[in-house]
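In what comes next, chain A is part of two complexes: it sits with chain B in the first one and with chain C in the second one.
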Partner chain A sequence: MNMHTQPQRTPAETALIDAFGDRLSLLPGDGAVMLKRDDAIEAIKHGLPTRRVESWHYTDLRRLLNVVPDFDPAAMAKTIAPIVEGSTVLPVLNGKSDAKVPGIEGVAVQRLSEKLIDGTIAPGLDPYGSDDAIGALNTAFVADGYFIDIADGTELEKPIELQNLQAGGQTHVRLPVRVGAGAKAVIVERQAGDGAALVSSVSQLVLGEGAEVTWLIVQEQPDTATHLAQFKAHIGKNAKLTLFVMNAGGKLVRQEVMVKTTGEGADFKLRGINLLAGDTHSDVTMVLDHAVPHTTSTEIIRNVVTGKARGVFQGRINVHQYAQKTNAKMACNTLLLSDDGEFSTKPELEIFADDVVCGHGATVTEIDHDHLFYLMARGVDEKNARGLLVKAFVAEVIEELDDETIVEALEARLDEWFATHG
Partner chain B sequence: MPAVQDTIDRVRKIDVDQYKYGFQTEIAVDKAPKGLSEDIIRFISAKKDEPSWMLEWRLEAYRRWLTLEEPTWARVNYPKIDFQDIYYYAAPKSTPGPTSLSDVDPEILKVYEKLGIPLKEQEILAGVQKTDASDLEEPSDNVYKSGRVAVDAVFDSVSVVTTFKKELAQAGVIFCSISEAIREHPELVQKYLGSVVPTSDNFYATLNSAVFTDGSFVFVPKGVRCPMELSTYFRMNEKNTGQFERTLIIAEEGAYVSYLEGCTAPQRDENQLHAAVVELVALDDAEIKYSTVQNWYPGDAEGKGGIYNFVTKRGDCRGHRSKISWTQVETGSAITWKYPSCILRGDDSSGEFYSIAVSNGYQQVDSGTKMIHLGKNTSSRIISKGIAAGFSQNTYRGQVSAHRKATNARNFTNCDSLLIGDQCGAHTVPYMEAKNSTAQFEHEATTSKISEDQKFYVMQRGIPEEEAIALIVNGFVKDVIQQLPMEFAVEAQKLIGISLEGSVG
Partner chain C sequence: MLEIRNLHARIVDDGTEIIRGLNLTVKAGEVAAIMGPNGSGKSTLSYILAGREDYEVTEGDILYNGQSILEMDPAERATSGIFLAFQYPMEIPGVATMEFLKVAMNEQRKARGQEPLKIPEFLKRVKEAAASLSMDMAMLKRPLNVGFSGGEKKRAEILQMKLLEPKLCVLDETDSGLDIDALKIVSDGVNALRAPDRAFLVITHYQRLLEHIVPDSVHVLYRGQVIKSGDKSLALDLEANGYAGVIGEAA
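Let's look at the complex of A and B:
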């Protein structure tokens, strides 16, 4: 049908297309959903993106994705302790949501499989563009997740922790969350497991007027897993979103962050730390659209690269033509600690409005010798001195978060990473 | 105060679509038939009296070009170019091989006079010392030791004249058109041509390799500091022609040369193609400074016409402690697609890139640089200032990379954009790639409009708005203007004033 000529399919592409054929009868969804799935697999049939696709410039998915595990119906992951004690845990175990979730006042939680079957979720399944391979992959295969609706004015006292856990095979999960006007919530998105799995996960957040949300993504996949994730958000009028991303695992990782300010006075904060070790390839790509006037954003990304790891940060700030008075700042700082590691960054600004203040900064360097000298002169040996400095470099970003319990929880995750990789 | 007055007067006089150099000159022309084929390439090669290896080189590039696709990644939009609808060779009919100014068609000299280019008259006006009697007709009393510029004037497809050749030859410097170099110094050309920008480099560079018609050649031998500034002035005159010039500059061990380049074209409704290749080679301890003031016809206020400027410029710091510095002022062209780059191959070599890109009307600029760190202790510096006004799109696209063995690579990048008006766009697309832990890269970019506070501060002191803006803009680009040789700095400042006219208020 499509005359688009393609080079020969890679084994991974073939495996995905075959898997779709095999799984089709098992995938939930009404007619509208199934049509979206067909469109999505068509996009995959055109080939996975290569480095010639600008948004995948540093992550040649076609080349890097070389193993696609089969679906494993026997695999069953177990829930883990939430990072903040007392959180309401909503687990998705090997791609399946729990039928019995605890009730939270002011929050409606529905299994996503039900929303797929009744088709109400269909309009949100479209990938955002022809280069949205993660969106397409997820739409084709998504079977479950949760749909969460936080009612207007609800102020949650305890965080909600969404656990997407895998024990091998493939899991494709979607987590749409609507936060009503004036509501306040802390949501933790936990991505972990212990198998050589292929995981695709799409989170969609819509913030109503004046809502305030802190969303934490804690990604600690094993170093055999492929983790392809997307976080999409629309920030309404005077709403505030703080997104914290901690990337500390996986073999091939791509975390996309697509955020749009849709109401005046919207504010977005992105804080990210990427801890890269072994031979991981980890890519964080952000596209931020300032679509209306008077919105603000700041993004700070800190990266630590060790071993043979390859790290990528792409961050694009689009300021639309009528988005006057936008104030956007982005910084990406990298400590490259190994001669075998590499880090590539592409901080972009696309600006169509004239009355704006936008800036970005990016640095790549090793540990400052003066700092090292300062510590060593005080009797700290070199290894410890380096450890202290590296930890301080990333902890700085965590400490900026207001909530002390969250800061402590994240620092505990940080300590664990340093204990195993330090 | 006079300087400020001068700015206003100039800005008032010249409208956005009144391109000063838009005149066309009627000159008898020798043209190749329209279109591109192996025959045309043979024709060009024969016209230039080229040796057979050169023809082979061209044909190989042409065959390669046929297999390539036009790149589409740049942030520019234009209708597809019909490469068969272009004249690839146009030369003013003239006596064969003009050796002195008196042999040159007076019509052409008039063109350069109109453009204010120091060929003959300019030299005399500037009170330049006359050393090469055959080059000048009138004697001059004033003797200046400084401020001399040797010029190679390229008109459509051929170099019409090169001044000061004899004096340069005394110093051992070869400065001539590339066609002449191919005939007279084949060993040098064969050794270096295509060694920085290979024939297979990219679509336009490959096209250029196949059909290039002229350009400048500079060779500065070991230990020589070139006694004067060298300069090439490109003029596109004929309708429907493409200009494909090729410049090759070689600085041997310890040599130094400063080279300036300027360009203009007549005002026409059709778009014209300009696809040049510039190659610089710096050996041990050599330094090359390359400055460009690009002022091709930018099209009219509605975005009709103008030059497509698709240029490949690359410098190779081949030797240890060598240095290459690019400075560019980009005000012209409907579309600019240009990334003067440095390959820092030698240990302790350094590269610099200073750029001002001003876009107005419907101009589209996608420009920047590449700094490829390969050697040890290499350093690079990028200062880019983009000013977008009207309906224009101004993009900085740059790459800094440190390879595995490039220990202690250093880079500092600063790109600032200034937006004037709410219909234009400014974009920054930097790529940073570090594969060495001792690399130290810093990048910063800002975009803003002229702040009301700044403007208020200046206006409050009795300076009207347009002047205030001119003052602030000139302050904004000062870092780059300072890098230009004196003669160009003045011209550049004027050009910026002209390009921004009509964008205020």
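Let's look at the complex of A and C:
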């Protein structure tokens, strides 16, 4: 006889499964969407991933996710000022989009709840691989967000800022964006709030031929919130994507990045800053597929670790068999400022093509004493000198962005973090 | 202004004694040149004056305006008016030069109970100082010393010295890596700062610099001690005859 012993469910797993039963009648979606939701909750019933699942080895979600808050219909989140003045703000407050969608020339914006109800979004709800816990959680519960379609050739002058703001409870949001051929846009994804929420957020981006997008994820959740996020992108022929991720908050954070080059000449840049403090756990996990020949990528991650914070960066680059002339470089540098902090880095290159240039490097350092001495010898006291050097370590990545407005906006967020954690 | 008494100091890491009973007095308004062969302890002396933690004073004292500075950290020494122009200024990526100048000037002002400089006043001072050293303002938009040539770094050091207006200036081989034109510009910058209430300790290998910055006194450092002191003619003597004679006399 074949006996399957189901491990006992954790309180968090039980809470999610119960919540699904309670919420089911309130969740928008046609038959196809509801089938996807059923599959997703089945995946959760099999248990959240543990350290025995390779892609979750450094973030044992089953152990770390120990409290799941109830949905809180009374939670009241408020919009915040965009990081770049004059941006078009699309707010998602407590998981709900705004009924009044602003008009932007060349851009069609639709509430995601409508796309769930008419079922057109259903194919996008499929899981990514077999251990897609964040995808499953989001698919099971997603109720709203925005669907954005930027028409071919549209060049946006001002950024679009997507604000996913929570005030406690649970929010599950999805933000699919299609950028047409030759279009140019800056999109800011703000993730913030003031409650002890459980947030899942999935962004999906498709770049048409020759499109150019800078996407900034600015995550500043409070140190009581759990933030589970995904960013998935397909980069078409000669299209360019710069993804900037700034993690500066949250109690338990996992930001997954899954990117695929789908057309020759596609270019991907990932720039990331993890500012980790307190007793928190933050994980950035990237899977990049170079799926066609002649595509390029660079990934630079800089981490500052203080307090008892734990950080993770997993970067996996798959170079497919036909993806000749791929050029990929990845670096992860960590400034470890406390004895109790830790950072784990796992770079992986899986290369099936034979004519490629790929490399990776990882360093862990402390503050350079020569630099510290130099600044102090000019009269800057030790605390401020350290602050300048730590900021410099991460600011280097920001300054590379080459757009003064964005650089200033991100440096302002950086200053905000140092003001409270420096 | 500066009185070094029987100073002994060693490298913290390996305990090697570098300074072995050094005595030196520099008065306000004086320009004192420190000369000596390689390995005599010249640069170590400059680092110890600035408070670098890699060295440990085991005996003796350093008095600045009558007060011991041994317990002061580098920042406290700097705000009290001691300035070290580095032989090899560090490149610090990510720290914008202008931002750094503003922070340093204002930290020093704060320590002296002065208001921070308003931005226009700050810019005016930097522009004037840069112009006097034939420095391009575009250079100051770059990260601190990053990609600067050897000569540009030395000019940047003198620029900082001008802006911070210290009382005791220690110049560690400021002439090294400078061509003759840059040497003239840097020397003129230093000479313009000479004042009755300001002293200079000019560390150099060569007499060349002292043709431009004429010293009031010259001291020969050898094996961590001042073995001979004299006026500017001592530098000429060393240039003509080398260190061997002086070292022989002392031995």
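Here is the rule we use: the second predicted complex is superposed on the first by the 417 of 422 C-alpha atoms of A that agree within 3 Å, B and C clash if a C-alpha of one lies under 4 Å from a C-alpha of the other, contacts with A are read in each partner's own complex, and residues count from 1 in each chain.
Methods note: a contact is a pair of C-beta atoms (placed from the backbone, for glycine too) under 8 Å apart; a residue touches a chain by one contact, two chains touch by 3 or more.
Because the structure is predicted, anything quoted here is derived from the model rather than measured.
Of the two partner chains placed by superposition, A:Trp215 touches none, neither chain B nor chain C.
Of the two partner chains placed by superposition, A:Trp56 touches none, neither chain B nor chain C.
By the touch criterion defined above, A:Ala395 lies against chain C but remains apart from chain B after alignment on the C-alpha atoms of chain A. In the overlay built on the shared chain, the residue A:Asp381 is in contact with chain C alone; chain B does not reach it. Contacts of A:Leu349 after superposition on the shared chain: chain B is touched, whereas chain C is not.
In the overlay built on the shared chain, the residue A:Trp417 is in contact with neither chain B nor chain C. In the superposed model, B is the one of chain B and chain C that contacts more residues of chain A. Using the contact criterion defined above for the overlaid structures, shared-chain residue A:Leu337 touches chain B, although it does not reach chain C.
The touching residues of chain A, when paired with chain C in their complex, are 369-371, 373-382, 384-385, 388-389, 391-396, 399. Contacts from chain C toward chain A in the complex involve residues 50-53, 73-75, 77-79, 83-84, 86, 89-90, 92-95, 100, 103-104, 107-108, 111, 143, 160, 164. Taken together, the chain B residues at the contact with chain A in this complex read 73, 404, 417, 419-449. The residues of chain A lying in touch with chain B in their complex are 54, 57, 321, 324, 334, 336-339, 341-366.
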